[in-house]
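Please see the structure below; I have some questions.
The first chain written gets the first letter, and so on, giving A, B, C and D; residue counts start at 1 in each chain.
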Amino acid sequence: MKAETRLTVRYAETDKMGIVHHSNYAVYFEAARTDFLRRAGLPYSEVEKRGVMMPLYGISTRFLAPAQYEDELSVVTWIKELGRVRLTLAYEVYRVQDGMLLATGETQQAFTDAALRPVDVKKAAPDLYALLKRCAGEGA
Amino acid sequence: MKAETRLTVRYAETDKMGIVHHSNYAVYFEAARTDFLRRAGLPYSEVEKRGVMMPLYGISTRFLAPAQYEDELSVVTWIKELGRVRLTLAYEVYRVQDGMLLATGETQQAFTDAALRPVDVKKAAPDLYALLKRCAGEGA
Amino acid sequence: MKAETRLTVRYAETDKMGIVHHSNYAVYFEAARTDFLRRAGLPYSEVEKRGVMMPLYGISTRFLAPAQYEDELSVVTWIKELGRVRLTLAYEVYRVQDGMLLATGETQQAFTDAALRPVDVKKAAPDLYALLKRCAGEGA
Amino acid sequence: MKAETRLTVRYAETDKMGIVHHSNYAVYFEAARTDFLRRAGLPYSEVEKRGVMMPLYGISTRFLAPAQYEDELSVVTWIKELGRVRLTLAYEVYRVQDGMLLATGETQQAFTDAALRPVDVKKAAPDLYALLKRCAGEGA
């Protein structure tokens, strides 16, 4: 499963170079993750209510071309790797107007309890694990 | 004319109180302004290309109830006052789920050139002025 | 009591006009409040550990001149009004290099419990109240 | 040369997990870069005035332990690789209180002109190149 999220670049996200400040891509990826889970059927706010957190322990981004104010962006998200204690998602950011690929990225997240201690998500939230497995195309 | 903009609260916009950090409302207002102008027929990126900037010289916000992660918000925007050197916009932020009013705000903007010197917008960008006047319901 | 906080403008805080984006002043005021309380003797992280929150219910800012990347800023903070359920702070932001006043602002905060219900701070955290009263120059 | 930058975690930088939102580390690295260049003798605002920009084309971060509101952080920065068209910096973020390593990161930047076209920095800004070479410990 690949999910697509549409975003419009906000003025506050630009910097004095006239382009989107790179720190915003981490926020775009996160908005895309939120969408990914919601469409998969389990909003992340629901996940947290069950006491499961998914803090990042790694992120990397490559910037290929700058985005600009009012650009409409399309962020494509998919599961690259799913384990019982961690999850790797991959992202591509396109400019909708001309289909140009602007950035690619990857995030590594741990499954933890509310105190940020690692948990086995298959035990802690079996429905979340099953759903992610389905999205990862590995069968339930 | 009143324009409505829909936003979904991002995780990065929350703070350790578990609610949307107040500084984000300024960004929500701005996203709503961007929408307001685009729908009125003149995207702000076009305005800037003509050398007209609209820096803020004042902003105020009242917070009535907190917004939370994944809340869908509706920002309603309208022109409160239009002059030849300045513009006051008003905003209301509602939570879509239950229609609750979460915040109200106002921004004061100046019309300037690219060097941030005040200009008479009726002279500097007559089409923008005419359009704003129409949106303000004061006739062209 | 007036407290002074020094900040250096970050690149990420600029926008495509080449100046500090206005939404950052709310963050500058907050950094200044954090300093104000720490110097008064009660870090805000300590206040929260006692279960007292101080969410904003109002903020207003006037922008007099723009700040730029790498500018060193001085934020002067003082108590404008102290009640048992609310607190108003005032702020002035100066550019250190030439002493120019760039912005002024005001925040209104409520005293609440962790569930964001109003509390009488004199009862809920008498030491915080006494300290604020001292800072406000109204005697303990 | 290694440069050290001190930062205090701002409330706005926390998220609903109660920790610093990961997107802020990109901003911390940038504040550290700003300091690095200023201490080396050439503030980045000066670099830009000569028409040389240094947009990021890559960033990666590993998060080892969370930072919290009011934590004082120490960001250590050094040059990992210097070329004539690009620069790689490395970062370590420590919590000052107990010396714990919280995060490590790396940024890749290109040297460009104001239109974001690649330039040979040795030709475009020989003093910047010489200074970076000295900081990289490779002799002038």
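Convention: a residue touches a chain if its C-beta (ideal position, glycine included) is under 8 Å from a C-beta of that chain, and two chains touch if they have at least 3 such contacts.
Because the structure is predicted, anything quoted here is derived from the model rather than measured.
The interface holding more C-beta pairs in contact, when B-D is weighed against A-B, is A-B. When chain centres are defined as mean Cα coordinates, D lies farthest from subunit B.
Put simply, the C-alpha centre of subunit B and that of subunit C have 24 angstrom between them. Per-chain CA centroids place subunit B at a distance of 33 Å from subunit D. Mean C-alpha position of subunit A lies 28 Å from that of subunit B. For subunit C, residues touching at least two other chains, in rising order: 11-12, 16, 19, 23, 26-27, 30, 69.
Those residues of subunit D that touch subunit B in the shared complex are 11-12, 14-16, 18-19, 21, 23, 69.
Subunit A makes touch with subunit B in their complex at residues 8, 10-12, 26-27, 30-31, 34, 38, 43-45, 68-70.
Considering their complex, residues 16-17, 19, 22-24, 26-27, 30, 48, 53, 55-64, 66, 116 of subunit B touch subunit C.
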